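Just so it is clear, A, B and C label the chains in written order, and each chain counts residues from 1 on its own.
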C-alpha cells in the first residue's frame, strides 16, 4: 500500500462523505424539528433517483440541470407525506414513538412495492450524462468529476441551509419550533405549516442528493435500503437533530469507509463505519455533537 | 430531638462552577416531620436528590439509620428505607394505579399475592382505593401526587422524602394532603418535605430548616422561623407571592 | 380486586389452552402442505415475537437486531451437527445459551444508550455479525450450510416426508413462549420491566435495579429467539447468512408484537396470526410476478394499523376504552 493509494482513497472517501452528509441532513433536520425518525428516508432517496432517471430518459434533461427540479418535486413529496401520513401518526395517543417508527416504516415498504410495480425491479443507470465517466487529476490524485461536483453541491447545500436557518424568517420559525413547539403555537405560528415545510425541506435535500447519486449509482427499487442505514449511522454519529453533526458525521463515515476498504476486503468495508458508530456512542451516548 | 435517623455532614454539591449546596449539615430525628424550605434556587431540590441518592455529593457524607450511605445508589437507599416522591410526577403511565404501587411493594416481598395485598392496603390508606384499576395516565393531578406517595409508602420507608407534594393543589386538596402526611407520620414514618410555599407547611411540620443560596440559613420551630428577620429577607423577593 | 386479577390471568390460560388444542387438531382438516407450511411459520413467528416482546414490549428496549440471535441459534445448531455430529437438540440449547450470553455481553455497553441511539446500535451490531458470517469460510461464508439428510427421526429432528412434526414442535414452542411470558408478566420481573419502560428514574427510586432488569429481559429474549433460529434451520434444512441473519428477520420478529399490541400477552400471537399468513399468501399468490404488489399490500396494512390502532389490534378485543392521552 503506497502513500499515493492512501491519499487517493481518502480523497474519494472525503467526496463520498460529503455526499453521505447531504443524504443524511434531511433526516437530521426532521428529527431535530419534531423528534421523528423517518424510516422511509432511504425510499425518499430512491424516489429522487428515479425522478432524475426519468427526467433524463424522457426529456433528456441532464442530472445536473434536473437537480433543482428533483429538489422541488421532493419538497412537495416530503410536505405531502407529512400532511397525509405523519401528521396523523403524531396524533396517536398510545405508543407514540412506535407508531411513528412503524408508520414511516410501512411507508418505506409501500414505496418500495410501488417502485417495483411501476418502475420494475430492473437496474437502471444514466450512462451518458455530461459529467459521467470523466475524471480530473489534482496533484496526482484522480477524482471522478461527478463525485467532485456532488461534493461541491453538498457544500453549497449545507451553506444554503445554514444561511436559511440563521437568516430567514421561516428558518427562525423552524429553529424556534424545534426548541419549543408549545411556545411557538402561542405566538401564532402554525405548527403544522412549519412541520410540513420542514418535511418539504428534508425531502428537497435528499432530492438533490438523489439527483447527484443518480449520476454514478445504479437505480433500483431497493437502492434506498443500502444507503438508509448509512444515513441513520451518519445522523446518530453526529448527534440526532444536529445539522452540523450530519455534515461532520458524513465526512467521518466517508473517510472511515475508505480507510476500512484499504485494510479489509471490500465486502467488509461497512464494518468500519459500524464499529466507529458503536465506539462513539459507547463513549458519548448522545453522539459527537448531540446535546439533548 | 429524639434519636437521629438522617444526617448530612458538610455536604457540598458543585455543578461546574455553580455551587448548589455548600457545607450543608442537617439532621432529622426519628418520627419527626421536618420541612425543608427556602426561596427558588436555594438548593432544596439538590439536597433532596443527594439524600435520595440520585447523585453523589461532591464532598461530605450522608448518614442514614446509622450507616454511611454516601456512595450508595438510589436503589440501595430505597432498600435501606428511604422513599421519595418527585416534584414533577413520574407515574408509570401505561400501568394501572395498583400496578404502580405493586412495583414499590416488590422491594420487600417477591410473593405477588403479598405485594398485591400490600399495594391495596397502601392505596386505601392514601384514599385511592377506588381508582386501583384505572390507568395512571387517567388520574387527575392531585391523584397523581397521592399515587407518588402511595408508591413510596409501599416500599415501607423509614424516611419519606416529599418533594413539593402540596404545591399547585387547590385549598381543599392541599388540606387533604396535610392530613395524609400527618397520618403517615402516625404510622411511624419520618417525613422530610420540601415546600416552596410556607403557609401550607408551617402548621404541619415539627421543625423547619431554611436553605438560602445553598447554605443552611436557620432552623427551628416553625413559629420562630417565620419571624426570623434573615428568613424574611431571604424570602422578600417572593414575599408577595407567599402571602398572595 | 384480587379476584378480578386472578380471574383475568386464569382466563388467559384457558383461552390459550383452547386455542392450542384447536391448533393441534388443525392438521386433521388442513392436508395441504403449503398451508401447513404457513401454519408452521405463523406459530414460529408468534413465539419469536413473544420473545422480542419481552425485551421490546415489556421492558421497552426496542431492538431491531434480533436477527443476530435468530442467526446464532440457526448457525450453532447447523454447525455443531454438520461439523461434529452433535444432535440438533443440544445445538438448540447451546445456541440459546450462547445467544443469552452474547446478549448480556452486548447489553453491558448498549443499555446505557437511549431511544434512537439504542435502536441503531442493535441494527448495526446485527449487521456486523451478518458481514462476519458472510466472510467466515469455516461456517460456509456466503454459500451457507446444507444440513445433510440422515433420515427422519425426532432424535435428529429431521423430517422429510411430512411437515407435521415441525408443526407440533412450533406449536409447543409457541405455547412455551406464551407460558413463560404469562408467568413473567405477573412476577417481580414483569413489574420491574414495565416500570423501567415507563420511567427509569421513578423505578430506581422504588428500588428497581434498572440495568439488571434490562439484562434479564435481554437474556430471556435472546435465548428464546435462538431456539426459534435453531428450529428454523432444521425446518428449512439449509441456511446462509442472508436467509437467517438479515434485517428483515429482525423486523418480522418486532412487527407482530407492535401491530398486535406491544407489551401485551396476546399482541404477538394476534399480530403473527394476521401478519404472517398475509405475508406468505401475498408473496406466493401475487408476489410471484415480481411486481411488488405484495409489498404494496403489506406496507399499506402496516401504515393503516399503526395509524388507526396505535395501541395494537388487541385494542379491538378489550372492553375498556383506549387509554387517553396525558392531560397537558
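Here, a contact is a pair of C-beta atoms (placed from the backbone, for glycine too) under 8 Å apart; a residue touches a chain by one contact, two chains touch by 3 or more.
As the structure is a computational prediction, the values presented were derived from the model and not from experiment.
Asker: Does A-C or B-C have the larger number of C-beta pairs in contact?
Answerer: Contact tally favours A-C.
Asker: Return the chain whose centre of C-alpha atoms lies at maximal distance from the corresponding centre of chain B.
Answerer: A
Asker: Cα centroid separation between chain A and chain B, in whole Å?
Answerer: Centres of chain A and chain B (C-alpha means) sit 49 Å apart.
Asker: State, to the nearest whole Å, the distance from the C-alpha centre of chain A to the C-alpha centre of chain C.
Answerer: About 32 Å separates the centre of chain A from that of chain C.
Asker: Averaging over Cα atoms per chain, report the distance between chain B and chain C in Å.
Answerer: That gives a centre separation of 43 Å.
Asker: Pull out every residue in chain C that's touching 2 or more other chains.
Answerer: Answer for chain C, listing residues that touch two or more other chains: 323-325.
Asker: Could you check chain B for residues that touch two or more other chains and list them?
Answerer: Where chain B meets two or more other chains at a single residue, that happens at 94.
Asker: Would you pick out the residues of chain A that each touch at least 2 other chains?
Answerer: 94
Asker: Spell out the part of chain C that touches chain B in their complex, as residue ranges.
Answerer: Chain C residues touching chain B: 1-2, 4-5, 186-188, 191-192, 194-195, 197-199, 201-210, 263, 323-327.
Asker: Would you pull the chain C residues touching chain A in the complex into a rising list?
Answerer: For chain C paired with chain A, touching residues are 62, 109, 112-117, 119-121, 123-125, 127-128, 131-132, 134-135, 251, 255, 258-259, 262, 290-304, 306-307, 310-312, 322-325.
Asker: For the complex, which residues does chain A have touching chain C?
Answerer: Against chain C, chain A makes touches at 31, 37, 85, 88-89, 92-99, 101-103, 105-117, 120-121, 221, 229, 232-233, 236, 240, 265, 267-268, 270-271, 274-275, 277-278, 281-282, 285-287.
Asker: Residue numbers of chain B touching chain C in their complex, please.
Answerer: Checking each residue of chain B against chain C gives 52, 54, 73-75, 78-79, 83-84, 86, 90-95, 98-99, 102-104, 106-107, 110, 112-113, 116-117, 120, 132-133, 135, 137-138, 140-141, 151-152, 154-155.
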